[in-house]
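Following this line, the structures themselves.
Each of the next two complexes has chain A plus one more chain, namely chain B in the first and chain C in the second.
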Partner chain A sequence: MMQHFPVLAVMLLFLAAFLVEIFGSKNKVIRNGLTLLATTNALVMTLALIKPVMMNGEVISYWMGNWAPVSGYAIGIGYEVDALSLFFGILVTATFWLSSIYSIGYMNKDHHLGHYYTLFLMLSGSVLGLVFTGDIFNMFVMIEIMTFASVALTAFRNDSEGALEAAFKYLVIGSIGSSSVLAGVAMLYSQCHTLNMAQLSSILSGGLTPTSVVAFGLIVAGFGVKSYIVPFHTPAADAYAAAPTSVSMVFSGMVNKAGVYGMIRMVYIVFRAMDHSSVQMLLAVFGAVTMFVGVTMALTQHEFKRLLAFHSISQIGYVITAVSLGSALGLTGGLFHAMNHTLFKGLLFLCAGAVLYRTGTTNLDKLGGLSKKMPQTTICFLIGAGAISGLPPFNGFASKWMIYQGIFTKALTSGNFLYVIITVTALIVSVMTLASFIKVTQAVFFGQLREEHNDVKEVPAVMLIPMYIMAALCVICGTIYPLVSKYLLFPAANASLNVGDYIDKMMGAGYAEAAGVPTMLVEPVTFSFWNPVLWLILFGIVFFAAVIVILLGTNERGKILTAGEKPEAKYATFFSGEEEMFSQVGGSDLFWGFKKNWKGYYKVFTELHSGIVTDYTSYTVIATAIIVMCLFIFMR
Partner chain B sequence: MIIVNYIASIILIVLGFYTVCTKKNLIKIVLGLGIVDYGINMLIVSFGFNEGGTAPIYQLSDLLNGVAPQFFVDPVPQALTLTSIVIGACVDAMALSLVVMINRKYKTVNADEVRRLRG
Partner chain C sequence: MQILLFLVKVLIFPGALFTACVGLFLAGIDRKVIAHMQKRIGPPIRQPMYDFFKLMGKETIVPARANKLVFLGAPIAGFISLAIVMLFIPIFGFTAFSGTADLIVILYFLTIGGVALIVGGSSSGSPYAGIGISREMVTMMSYELPFVLVLLSVARKVGGSTLAFSMNQIADYQAANGSLLFSWSMIPAAIALLLIIPAEVGMQPFDVAEAETEICEGPLIEYSGAALGMFKLNTAMKMCIMTGLFTSLFLGGIRTGTVVCDAIIFVAVCAVVTLVCITTIHAVTARLKIEHLFKFYWTVVSGLALASLILVWMGL
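And then the complex of A and B:
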């Protein structure tokens, strides 16, 4: 019974996609009902797998058409759900479920929603299929479906500024990535004559031929494109900003995590390349550059969703750096951060969508003071901003702390100065993230309310519910992380490191030993260095103190100046007497010194993001070539 | 000679990437993507080819009795290539339709002028 769940979850999503197109293009109830039904079903089915996979350590395998392996040779396409797959599977289904609820409210002003939900369900089915499949070519097909659905969804509001352009860039860069994965898969097949990942892993454990090394480089580069690490990140920023927000949330939450999943699956399980320090250092450098460039670009943005998109890239850098360490601690931290990023970035995108839904703009210079009109959105946004900046007691703090510890331990054990630099980079990036979110909070939710937004209301409940669920999860994951770690993170990290066990469960007992892959048990990672509950109590006390101080104070809050009015003389000193400045301290004004002094530095990065598609393709092709060449030369 | 296939497919892939990186016309970029795809397809088919092998069409009884010759062309890469060709056609169709719509909106297909999203 249980082994049918993964394939049913994927198939029903695809089936619902076609049913929506046939029956739901006119009827709103059927459309929303089918979408909700399919995504809820996928969520329930993946959650039902937690007990056998996460707790009992089983691997759920399903051979399509019952083509089970014959005499140790995997012929058919198999679905293999181990703890790593299931960990990402839960994230996928939860994200899509929340996004489908949000879409009901958010998309109700658009037309042709039948097409929207068809593409949405195709996207969810392909990402879930990518995560669950055990066949490397099936993975490529799922990547392609994912790319198509993403491109079409990016261009869905094709009358909005830049949507078509973003979709085109996304398609071109995405295709280069897919092509490089396909070339890698083909070369791998020529060496191993199988496409099943468990069997590939056992064959490749006998040593890599030069062709397999090239294949490895191409596949790593391909999944790098799919996870949008720098310098492949350029279309991601455009697409996340141009897509409808319910889709941006899915892109940032899950579509780039699919690339990260592919990277972990390939590097740790199929090629088992993490013993090579060259692979570790290559990925670590790419991760560090990704987090730094992402946050630098985010600081210069004036557009809410584009800013969030660059932060998304930056956070993926953390995940890749943590994954690159090759230690149980690093991998656990990386997986935890991937999960947390899905939660808080999804939440932040939903808040941006709520602002866009009510005000019609995401330009930071045209917003302000919305906390008075949209208090619930503001609270959710503050939780998300706290989480992404790594403030306790939210989840971002716990995972970032693990990552810092992982990198620093690596620096100590390997004695490599590179890791010291990366630790410092990670800390600086975290500070810059906080600065950037202070700017956004000030520009959108605090300060003076603009006159044209006087009649703005809170968003409808159907949009608030997903926001509240994500906000609650952000706090819960930050406080009860020992449980999260025990039931989700550790089994997933263990599954990635204990490859022999995975091969045995797929191909039959004793298979791994015959191929020379050791089955080892990984020691659970322990964290005893900080207590989230104490932080929560402290947070509560500070919060109540602030509330009391506010209640004791006067009710005077300042008012909006209309055109003719003069500001009070006693404030004039602070604003050099300029009336305009008095009315709103915008986000751009907040860090003006920061911006002015570092103008040259920002200019370099801004000019590199030129918007010309040939520049972006050149970065992609050159970086792919560099990855392949580095691995070919240094990986022995 | 099979080595000719490998060299030709690598040349195709390199030419495709060259087109994608240097040509400013959006339609040429799409064609470049197509050429990369064709090169990879040729590579996959060549991987499965055995010189002098027969077509892999047998009945199960032939294989079990050992009647069939053991040396035949690998059918799996051909199936992969078919899938990949279909996907490649979809990429081209979708990209070209996007170019048509970009041309309507921006009145140009020059990559240097289609850059409203930048910085």
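And then the complex of A and C:
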């Protein structure tokens, strides 16, 4: 029974995509109902797998058409769900479920929604399939579906400025990534004569031939493109900004995470390349550069969603760096951060969508003072901003803490000064992230309301519910992370470090041992977290503070006065004795004191982000070549 | 019983009450000494306490443009986070929570203190506050780099690889090997941290964010009454925390055995550090511009901290 769940979840999403196009292009109820049904079904089926996979440590396998391996050779396409797959699977289904709820409210002003939901469901099915599949060529197929659904969704609002351009960039760069994955897969097939990842892993454990090293480089570069690490990040900013926000949220929350999943699956399981310090260093450097470039470019943005897109890039840098450490602590931190990024970045995109939905713009220079009109969105946004900046009590803090610990421990144990630099970078990037979100807070939600936004209202409940769910999860994952790590992170990290089980389940017991893959279980990672008992203390102090406030509030002399309907002069803002006037301290250039000192850096990097597809293509190709060459020279 | 002990630690010692009292005391000393340096008599040392209690009894006006929840919540959030920070700083032999004290946690909770000021100021809707928060944030970005470098060099010097950032380990190391200030490779880092303290507590010449004479206290401009009092208290608490952090990072190792004696010596050392890095610098300098401040921290101070880190990394 259980083993049918993964494939059913994926198939029903695809099936719903076709049904929506056939029956739902005219009828709103059928369309929304089918979409919600399919995504809810996928979510429930994935969550049902938690018990066997995460708690009991089973691996669920399923051979399409019952094409089981014949005399040790895998012929058919197999689905294989281990804890790592399931971890990402839960993220995928949860993200798409929330996005489909949000879409009901958010997309109701658009036309041709049948196409939208078809593409949306295709995208969700392909990402889920990518995560669940055990066959490397099937993975490539899913990447292709994912890329083209994404391209079409990016251009969905093709009457808005820049949508087609963004889609074109996405198409070109995305195709290069897909092609290099395909080339890598072809080379691997020529070497190993199989496409099953479990079997590939056991064959490759005998040692990498030069060809398979090149294949490895191409596949890593390909998944690098899919996860938008610098310098492959170029289409992301345009695409996230141009796509409808419900889709931007999915792009940032899950589609680039699919690339990260592919990277972990390849590096840790198929190639088991983490023993090579050259692979670790290469990924660590790419990760550090990614987080730094992403955040510095985000600081100069004038557009809400573009800014969030650059932060997505930056946060993926954290994940890649953490994963590159090769230690249990690093991997756990990386997975946790990937999950947290899905939550808080999804939340932030939804807030941006809410602003766009009500005001019609996301330009930071044309907004301001919305907190009076959209108080609930403001609170959700502040939670998301706190989480992405890594402030405690939110989830971003817990995962970043683990990542810093991981990198610095690596620096101390390896004695490599590079990791010290990366630690410093990670910590500084976190402050810059904070600065960037202060900018958004000031520019969009605080400050003074513009006249044209006087009749703005809070968004409808169907849009608020996903925001509240994500905000709540941000706080919950930040406070009960011992539970999160016990049931989600440790199983996933252990699954990535213990390859034997994965191979045995797919190819038959004893297969891994015969191929020389160590089946010994790496000890479950244990390390002392920052003690959650402290939250008890926190609540104690909150209580204390609340008591103080209540006491002060009842005190006749020290009471809190708020402006009524007709404000008196004492509630007006201070203007040096002048009359009050419109004066919003704009968001887009808030930190000129910082930028002035960095103008050389910004000059270079603004020129590099030229917006010309040829440039971007050349970065992609050059970086792919560098990855392949570095690995070819140093890995053997 | 356990919970009661927690509450005592959080609310009284070394948490909220202790930090607040010591902070206000340090602020009083600062004002008194600087007055003497400028040939004035100055207020009594108790003056910051009087100010605080007076503000607590005044009415708090929420401006019409402000978001009430954030405007009033920000000072409280700052107060909570700063009260928590002190729990992580060992007072010589005494630590409130063994095994959990951690440099990164301190760094982030200190950040919350700054963020509370920024978000509160931002929510007031005043353009002066807008400029103030911009400067406050840039100041934060400025001192964060050298601060991180200092923390890393201390962590490397003490050098446990399992819990790299443990405060307890730093305290134990100094108890065994003497204060870190007296190992010469750490001296540049100590100087760097001394230069970071005035920026963190917003004292001249690094008080660009609150520059009273140009932007009328920036983020605090619309605050009044109890909320303003809380922010003033937060600044004083930061003074206690930062000097305390310096004390336990670089001047640790004194262990009398009784908590009360430890605490008294701790406060005395904090007062000396305050005089050195806050009062003296305040008395002899004028306010910088924000871009100069940024440059100063990213070149001079970071250079000092980096020198220390490299020396320590080479095993000196």
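Everything below uses one rule, namely that the second predicted complex is superposed on the first by the 581 of 636 C-alpha atoms of A that agree within 3 Å, B and C clash if a C-alpha of one lies under 4 Å from a C-alpha of the other, contacts with A are read in each partner's own complex, and residues count from 1 in each chain.
As a convention for this text, a residue touches a chain if its C-beta (ideal position, glycine included) is under 8 Å from a C-beta of that chain, and two chains touch if they have at least 3 such contacts.
The shown structure was predicted, so the numbers you read here are calculated from the model rather than taken from an experiment.
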Partner touching more residues of chain A, whether chain B or chain C: C
Partner chain in contact with A:493 - chain B first, chain C second, else both or neither: neither
Touched partner set for A:372, first chain B, second chain C, both or neither: second
Partner chain in contact with A:141 - chain B first, chain C second, else both or neither: first
First, second, both or neither for A:404, with chain B first and chain C second: second
Which of chain B and chain C A:420 touches, first, second, both or neither: second
Common interface positions of chain A, toward chain B and toward chain C: none
Residues of chain B defined as touching chain A within the complex: 13, 17, 20-24, 26, 29-30, 33, 36-37, 40, 43-44, 47, 74, 76-77, 80, 83-84, 87, 90-91, 94-95, 98-99, 101-102, 105-106, 111-112, 114-119
In the complex with chain B, residue positions of chain A that touch it: 137, 141, 144, 148, 151-152, 155, 158, 161-162, 164-168, 171-172, 175-176, 178-179, 182-183, 185-187, 189-190, 193, 195, 237-238, 241-242, 300, 606, 609-614, 617-618, 621
Of all residues in chain C, those that touch chain A in their complex: 3, 6-7, 9-11, 15-16, 56-65, 67-70, 72, 76, 79-81, 83-84, 87, 97, 99-100, 102, 104-105, 107-109, 111-112, 115, 118-119, 122-131, 133-135, 137-138, 140-141, 144-145, 148-149, 152, 155-156, 159, 161-165, 216, 221-222, 225-226, 289-291, 293-295, 298, 309, 313
Residue ranges of chain A in contact with chain C within the complex: 369, 371-372, 375, 378-379, 382, 386, 389-392, 397, 401, 404-405, 408-409, 412-413, 417, 420, 423-424, 427-428, 431-432, 434-435, 438, 441-442, 445-448, 528, 530-531, 534, 536-538, 540-542, 544-545, 549, 552, 555, 557-563, 567, 570-575, 583-585, 590-594, 596-597
